[in-house]
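Shared between the two complexes below is subunit A, which pairs with subunit B and subunit C, respectively.
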Partner chain A sequence: MAASISGLLKPWTPRVFLVRWSRYNPYYLEPEVSKEAYSRPETELSAEEKEQRELKALRPIKAATSGVSSSVFDDPVISKFINMMMEHGNKVLAREIMTQTLENIKKKQVEKYHKASEGEREAIECNPYTIFHQALENCKPVVGLASIQKGGKYYQVPIPLTDNRRRFLAMKWMITECRDNKHRRTHMYEKLSQELLAAFGKEGNVMKKKYELHKMAEANRAYAHYRWW
Partner chain B sequence: MLQVTHVRSLHSGGRRQQQEAVAVDSEPEPFSVFRTQESDPACHSETHIGQYYTLPSAHIRTLFPSGLPWRYQQQVKTFNEACIMVRQPSLEVISYLKKTDYSKPALRYLFYGQKGTGKTISLCHAVHFCYTQGWLVLHIPDAHQWVKNCKELLPSSYNASRFDQPLQATTWLRNFRLTNERFLSKIKTKHRYMWTKREFTEEGSLLGELVDQGISRVKSSSDVVGAVMKELRLQSGQPGSDFHLAVAVDGVNGLWGRSTIKKEDRSAVDPEELTLIYNLRKLMRNDWTGGAIIATLSQTGSLYTPKSAYLPQELLGERGFDSMDPFIPVSVPNYSEKEFESCYLYYMDRHWLQHPQSER
Partner chain C sequence: MAASCVRTVGSFLGKCMTCSSSINTVATQVLLSRQVCVSSALCRKNLAAAGPEKFTLEYIQKQVEEYEIGKRYLANMMGEDPENFTQEDIDRSITYLFPSGLFEKTARPLMKHPDEIFPKQRAVQWGADGRPFHFLFYTGKQSYYSLMHDLYGKILKIEKHQDRLRAKGLFSQDAELIHFWDDLEGRRKTSDSSLILRDCGSGHITVNGQDYLQYFPVLQDREQLMFPLQFMGVLGRFNLECKVSGGGRSSQAGALRLAISRALLSFLSEGDGEAMRQAGLLTPDPRVRERKKPGQEGARRKFTWKKR
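Let's turn to the complex of A and B:
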C-alpha cells in the first residue's frame, strides 16, 4: 500500500479498510501551519530544508484539521490536552474549560504578584502558558514499567519511554487526578488550576504518582535485562 | 492603600521611560497616559476621557456591597485596586446632575446600549459622584433579581392581593444601611406605621430604627422597604431637608416585563403584584423633587426578551416606556480607539496580558 505510484493518487482504496485512522494516501504531506516557517528567507535554510520546500511545491498536501490554526495563540500541547479532556466529542466545552483554567491560573498568579513585596515579584511567574508547560514537564516520568512474560511469570520491567508516551502519561494522570480525587462540587477548571499550580511547584498528587512510578522502576532494576529492545 | 501607592510609583519609573520613548504627548503627571490622579468624580472633565481613575477601597465597601458586576469584582480582587475609565456618557450625566435645579421634579436618565459596552459601570461612576457629593443613594443593584428565582413568597400583610419577598428585601435593607450610615440618624419619619397589632413605628422616629425594624422582623421587611421609599420620596424636595436623593436602578426593564415567579397554582405572578416592584414603580414616577433617577437597561438578566434587543422601546415595552416617558436617554457605545488603547495599556501595566506577542 505504501508503494502506490503518483498515477494512482485519487481515488485510492486500501485493501484493508481503515476505520479509525487517517484515510489519506501516504503520498500526501503534512501541512505546515505556522507563519514563521514560511517567513524565513532562502539564505537561512539548510540544504535539507530547501529540499523539503521544493518537495512541498510538487506534492499534494493533506487538509489541516479544524483543531489547528495559524494564530499566535495556537499551541500543539494545549490542543492535545483539550482533545484528551474532551468527552463525547464536545470540543466546545473542553476548550471552554481550558480557557477558564488558564484564566484562573493567571488570576491567582497576578493576585499573588500584586500582593507580594518588591523582592518576591520577580520570582512569581504570571504567564499561564509557561506554567502549564513547566507543570507538564515536571509531571513527565523518565522511565516506565512494562509487563514482560518470562518463564511463566509476568515481571514489571523498567523501560525507556518515548517523548509522546511521556507527554501522554503526564496529561492522563493530570486529567484523571482532577476528575476522581477532588471534591465533587468544585468546577473542573478550579481543580485543574490548583493541580497545575501545585505541579509547577513540584508538589501535589500527580508528582506523587510520578515519584511512585520511579520508585517502582528503581526497585525492579534487577529485571531490566529482560528487555530485549 | 499605602502598599498600592508604593507599588505604583515604582512601576511608573520604568513605564515612564517607555512611554517617553514611544508616546508623543508629554504630560507633566508622574503617572502614565492612561491613569489620572483625580479620584473625585466631580473634577472629571473632557480632558480625562479615556483615563482610569481609582476608586478608594473604603468607598467601594460602603457604596457597592453588591452593586458592581461579578466579573468586575473579581478584577478588583485580582488587581488589588478598583479603576474605572472616565467615559463620555457618564461625564454627560454627571454634568447634568451638577446643573440641575432641585426645585423641579426629578429627571430620569437612562443608559442604554449593546451588551457589554459598560452601562453598569457608567451607572456606578454616576453613583460614586452622587456619593462624594453627599447625596443619599438608593441603589438597586439588579431589578431582575427581584422578579426571578424567588425562594420565599409570602402573601403581603398590608394588601391581600400582593406578594412579599422577605429575603430580597432584607438583603437590600442591609446594603442600604451600609451605604447611608450617616443619614439614618438624621432623617425622621413623617407617618406612623403599624406592622402588627402591637408593633408600630411612631411618627418622628429615626430612619435607622425603621431599617432595623425591617431587618429584624423579616416578615414585614418588604413593607418596610415600601415605607422607606415613601418617606424619602416625600422628604427629599422639602425645604427642611438638607439631602438630595439619587435613585439608581440597574436593569430597570425588569420592572415592567414578566416574571418567572409562580404562585401555588402554577400561574405566573405579574410584577405589579409584588410589593417591592410596586413601591419601586412609585419611586420611578417623577412626582418628587430634589434629586435624580439614573437607570440602566439590561438585556442579559431580562426575561422573555430577544437577545438582539437593546433599544429602550424594545426592552421597556409599551407600559414601561409610557411610565418612564419623558426621560433622557444616554447611549453607551463601545470603546473608541483612544479608550481601547488606554484599556490595553492599563492591562499591560497590571500584568494581565502575558503573551509575549502582546508587547507590541
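Let's turn to the complex of A and C:
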C-alpha cells in the first residue's frame, strides 16, 4: 500500500496522449551533455552552480535529443542552425549543406591565406566555426520592434530582445536572405558561405538589414515609453 | 444450478435404490424449502447482499459422500464394477440414462465430483477462539512473508556451513565473477533493441548481422551509438552485438543508445552512472507521434480559415 502511494507522488509520464502539453512532466530538468561540466571539482563552482548540482541529483532528467552528443564536433549553435535550415524533416540534406558551407568557407579562407603577404596572414581567420560564430554575432540585432496599440493606432516600439530571440532573428535573416535574394542557379552552400564571410567582415545584406532595424528603433525612440513590460 | 443438478440426480438415484430415508427427507425438505419464496424483489435484494454462495465444510463433505454413494449405485445400475468406475464411465452412463437434446453443453445433466462443481473457497484462517493458525497472518501476505522468512533461514544456514568449511580449510571460492557481458534492451518511439556488450573487445559494432557503418549510413545515427561510449571515454573497449527492429533510422539509433547506456551502467562506478543520468542518457524518451485530431488537418495544423 505504501509503495502505491509513493508511486503516485513520483513525477509520472501519462501513457495517454495529452493535447498541447509536453510529453515530459514539468518536474524534469534539461540534460547537460558536455563532459567538462562533470569533471569540475567542488571548489570551482559558485553558490548557484552548487545549488543546481544538488537539484540535479534529486530531480529526474529529460532524455537527450537525437541531435546532440558529447563529441567535440557537436556545436549547439550549429545544430540549431541546421534545424532551422531543415525542410520537411530532411535533416540529412540540411546537415550536408552545413558541412559543405563550412568546407567552402575554409577553402576560400585558405586560398586567401596563401595569396596574402606575410604581414596579412596572421589577420586571416581560417577556422570556419569561429567565422560562423562571429558572423552570427555580428548579425544579431540589439533591439527589436514590437507593434503596440495605443489610442486606436499601432506604433512600432523599440523593445529589448532576449538572447534566444536575437540568435533566432540572426539565423532567420541569414537563411531567408540566402534563399530569396540570391541568384537561382547557385547552390545553397555557396550562397551561405558568401553571406557568412560578408557578415564576418561586417558587410552584406544581412548586416544592412540589421542596421536598418537599428535605425528604425532609433527613429521610434520617442515611443519607447509605450512599452509596459 | 449445477449444484441443484447434482442434488436432483443424487436424490433421484437415491430414491431409485431405496437409500436411507434421511437423505430422502433432507432432499425433499431442501427441495420444498427451495420452492418457497417470499417475493421476487426481496429475493433479488438478499442474493445481491450475500455475495457469492458460501458452502460450509460439512456441507461439502456431505456432498462428497452422496457423490460416492451415487457413483456406486450408478455402476450397479449399468451393470459394471462399482470399484473401478471412472469419471468417463459416469459421463457415459449419464448421457445414456438422461439423453438431452440441448445445444448448450453446460446445460445438460451432469454428475461430477463436488470439488469440481463447488467453487474453491479459502478455508477459515483462524480457530474457534479467533486466534489465526499462521504466525504471520497479521502481515496481510502470510505466504509471501513466510517464504521470505524460510529463505532467509536457509541463507543463514548456508553461510554458517560456509564458515564451518572455511574454518576447516575446505572452502574454495569459485572463479571470480568477471563481468564479461551484459544483455540489455532499449526502446524509442516504436523501435525495440537488444544488445550484448562484451568487455575486452576492440570496438566492433554489429547491428542485425551487418557492420554498423553499413546499417547506419547517416553520421548522426552513428554519433548517437557512440555517444554513451564517448561520454564515458571507453570507445575502443567494448564489442557490441546489437539487434534492432521497428521504427525508423533515428528511433532505432535512439533505442540502441539507451540500451548501450544501460549496459554500461554495470561496468562503471556509481558516480559515472549518475553523470550518465544527468546527461540524459538513461531516461527513455517518452515523445511519440501526436495523433491527428478531427476537425484539423494534422495534429496541430488547422484547416484554412475562411471568413465565409
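A few comments on the model shown:
As a working rule, the second predicted complex is superposed on the first by the 205 of 229 C-alpha atoms of A that agree within 3 Å, B and C clash if a C-alpha of one lies under 4 Å from a C-alpha of the other, contacts with A are read in each partner's own complex, and residues count from 1 in each chain.
Definition applied: a residue touches a chain if its C-beta (ideal position, glycine included) is under 8 Å from a C-beta of that chain, and two chains touch if they have at least 3 such contacts.
Values in this document were obtained by computation on a predicted structure and should not be read as measured data.
Contact with subunit B, but none with subunit C, is seen for A:110 once the two complexes are overlaid on the shared chain. Of the two partner chains placed by superposition, only subunit C is touched by A:70; subunit B is not.
More residues of subunit A lie in contact with C than with the other chain of the pair subunit B and subunit C. By the touch criterion defined above, A:57 reaches subunit C but does not reach subunit B. In the superposition on chain A, A:92 contacts subunit C only, with no contact to subunit B.
Of the two partner chains, subunit B is the only one that A:118 touches; subunit C does not reach it. Legend: residue contacts after superposition of the two complexes on their common chain; A:159 is shown touching neither subunit B nor subunit C. Contact with subunit C, but none with subunit B, is seen for A:38 once the two complexes are overlaid on the shared chain.
Listing the residues of subunit A that touch subunit C in their complex gives 13, 17, 19, 23-24, 28, 30-33, 35, 38, 56-57, 60-64, 66-67, 69-71, 74, 91-92, 95.
The touching residues of subunit A, counted against subunit B in their complex, run 72-73, 106-107, 110-111, 113-115, 118, 126-129. Subunit B contributes residues 7, 10, 74, 77-80, 350-352, 354-355, 357 to its touches with subunit A in the complex. Subunit C makes touch with subunit A in their complex at residues 218-220, 223-224, 226-227, 230-231, 250, 253-254, 258, 274-275, 277-281, 283-288, 290-291, 293.
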